[in-house]
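Consider the two complexes below, in which subunit A is the common component and subunit B and subunit C are the respective partners.
Up next is the complex of A and B:
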């Protein structure tokens, strides 16, 4: 049974469709992450669930009750904002206690809950400071504390880590994961950062232009992207794409038979895009040439430390021919070298050029 | 701190600020000094001769019943003008923030009164509330109230309060509008998710965050009501009837320039200066502690 359920949720601003027929379920205790580029409507969706934005049509259900028309305060949700939205004139304690106070909880109960939340978040020694005296990471924790003390049915996170520096980001990411594990709460988390999404999610929802592109586990999405967009958005460096045709299970660019593919559909599909990840490309040994091979010309080499990124162009193809390789060791390569690589069939994804969907 | 300079010339910078300094000395500092000097002098009405009066002018002032009455009227007047101007300015700013369409028209109309010269504003209210031909006088008479600010002390008091407030609301409105705009929307959203009603959001979030603006405005309104409403009073009531609108600044003028008692008038202006200064200092000392600056 889903705790949070969206059924055919649509949002229009005048005639612009911002969100188009969204269907989504988050199970009790699940951590769902909505990921997508800026302006794709993911924050709007979160605000609609929170009740800060009216929906045009569809149903939002929380524990099987429709909450579309309810005021934010009656929805049993908590939200962590991107800019934290801490009350600057209140101390950390007052910030966390505010919701409980408004709802007329007993003093002892408020004290107990805030103390417990502060302990979990390691904020106990900051309770009587104001947000202005705290660092970014601490403010972030106060914002989470404010959500925790209310013990809501669902936590909504709206890009909570985007104002932190990268080091703190990684730390807070783990903190959120720990909280989720310890408290077993239901979370819907919005981010535009695919690394954050991949590392946090139990259920990953990829969003683009107001539509859901794919819902799956992070690894499912990484290994079987449902569309070109998903393939390019998830994973860094991005998936490699080549545009061409398929004839007799062969991928062809302007009469150059390049690669063998597993085309399950008819033998010759016009206009396809094939995609494969940079780490699924293997260098051929000089003595032994694998079957599914390509010749690439080296353009640029980037050393990342643990990995090497090799930017190349496919030999004999003039346009849309850029391919990035990810290797684990530094190779003796230089500009304009020709290398031979093989790409195993099972790692090649085929997409329809027109719809962008996986075939 | 090292200043940014384009030339090593030591005189040019002083030349640049000279006009401002000159104006300040000529119109503010010198007259103030003269007032302090005159307050301890006893002069003839023509200003030809004077002799030391020491503190006798001040003694005169504090022993005069009309001065104490004036002081009381001024405090009452300052209180009403400040409170009404602040409260109405805030209410109007809140309403304009909620308006979705044509907000700019409301804004222009609400700021307009500030562009009207005090004297013109006063004439306007004189017309509206004239005992013989005033349209509002006519309206009051529908309820059986005979409005006449020439005769009734409280009528006179309220007409100057209303005129002063009408002018000062615009100023307050403008500052509150900017203050409200600077409160992040997400704070109010967070509060509504926390379960706060409209009223709770206003009193728990908006009002505390507006406190720097409110504090500033109360200080400015007090100074305004004590000094700048001279024009309004001069046009509408000339301090009457029976001194019911004779606020301190008007009494200074009346005693000095009409009554030609320069020494006593100067003593009053020195006292007024001290009263306002101490009012503002007290506010800074006590009220500012409750102000939250972000």
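Up next is the complex of A and C:
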């Protein structure tokens, strides 16, 4: 049974459709991550679930009850905001207790809950400081504490780590994962950072232009992107794309038969885009030539430490010919060198040029 | 080191000069208020305090100078204080609530009303004094304390300043408070009010002095001398018919009129500075 369920949720601002027919389920105890570029409507969706923004049509259900019209406080949902939104004049304790105090909980109960949350978040020694005296990571933890003390059915996180530096980001990411594991809570998490999304998610929801592009496990999305957008948005460096045609199971760019592909639908599909990940390109040995080979001209080499990125152009193709390779060891390559690589058929994804969808 | 010494010296000379320019007239006023009227009319003007100080102030506060019909200043000081207090607190009360409405509530014609308020910023009291007079007299309030205070209480400046301050408070705080279950009133009381306390103090000081310095409107609105304010008192002392003004009393009343605003500013100074900086 889904704890949180969205059915045909649509949002319009005047005549602009911001969110178009969203259907989504988050199971009890699941960590769902909504990922998409900025301005794609993901934060609006979160605010609608929280009750801060009215919905135009559709239903939001929590434990099978429609909560569309309920006030935010009656929804049994807590939210962690991007800028923490801590009350600057209150201490950490007061910040966490404020909601409970308004709901008229008993003093002893408030104390118990705040103490427990502070202990989980390692904030016990900061309870009587104000947010101004805390570091970014600590403030973030207070914001989470404020959500935890309410013991809600669902936690909403709105880009909670985007204001932290990259080191702290990784640390807090693990902290959120730990919290999720220890408390077993249901979380819907919004981010524009695909690394954050991949590492955190149990269920990954890729969002673009107010629509859901794909829902799957992170690895499912990585290995089988449903559209060009998903392929390019998830994974860094991004998936390589080549524009061409398919004739008799071969991928063709202007009469150059380049690669064998598994075109299941028909033998001759016009206008396709093929995509393959930078790490799924293998160098050919000099001794023998693998099938499905491609000749590439080296343009630029970037050393990342553990990996090497090689920027290349496909030989004999003039436009849309850029390909990035990811290798694990530094090769003896120079600018303008020609290399021969192969791309296994199973790693090549085929997309429709017009719809962008996977074929 | 040498350079610093020279710079310090130069800065100090400049500062002392500035202070002298500001303080000298004040000093003359204080000195003048401690002499007899005759002493001030003869050259040279005394530059050192005289012996009539206590006597002058006692007369001013309790009986009033005879030439003006013997109006004591103490009730006038009280009236001015009452006026300034009611006007400044009233302004803060009205404007903080209207700014709260402008920033945190959506209602029809919100923009229009805001610009309406904003437009009145550009109209000084002098411009709208006739219509105000008309309204107040139609309401039958003339020559009452309400007539004195009410028209001064509405404040576009304060509304505008509070609105600007509220806009600097992250809107997410309002969202967070809603998630916490706070009603708009609780949000105002628990979050907006404590956060604006510095601005409130700063505005209070500015508005108190504004209220204290009101001259034109009290003259227009009041005919009853019992309600007249200290500024009216000073002007009465200065413009006596067929008489040479008694400068010792004029200066003395000016010093008295200055005293209360100075006390207010000094006692709230710390808050005031923070309020302006933040």
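Everything that follows uses one rule, which is that the second predicted complex is superposed on the first by the 359 of 359 C-alpha atoms of A that agree within 3 Å, B and C clash if a C-alpha of one lies under 4 Å from a C-alpha of the other, contacts with A are read in each partner's own complex, and residues count from 1 in each chain.
Just so it is clear, a residue touches a chain if its C-beta (ideal position, glycine included) is under 8 Å from a C-beta of that chain, and two chains touch if they have at least 3 such contacts.
Since this is a predicted model, take the numbers as computed values, not measurements.
Taken together through their common subunit A, the two structures put subunit B and subunit C in a clash.
Contacts of A:50 after superposition: both subunit B and subunit C are touched.
When the shared chain is aligned, subunit B comes close enough to touch A:132, but subunit C does not.
Using the contact criterion defined above for the overlaid structures, shared-chain residue A:305 touches neither subunit B nor subunit C, since it reaches no partner.
Shared-chain residue A:99: touches subunit B and subunit C both.
Counting contacts by the rule stated earlier, residues 50-52, 71-73, 77-79, 81-83, 85-89, 98-99, 102-103, 146 of subunit A appear in both its interface with subunit B and its interface with subunit C. Interface of subunit C with subunit A (complex): residues 170, 172-173, 175-182, 186, 190-191, 194-195. For subunit A in complex with subunit B, the residues that touch the partner chain are 50-52, 71-73, 77-79, 81-83, 85-89, 98-99, 102-103, 132, 146, 150. Taken in their complex, subunit B has these residues touching subunit A: 184, 186-187, 189-197, 200, 204-205, 208-209, 211, 292, 294.
By the touch criterion given at the top, residues 47, 50-52, 71-73, 77-79, 81-83, 85-89, 98-99, 102-103, 146 of subunit A touch subunit C in their complex.
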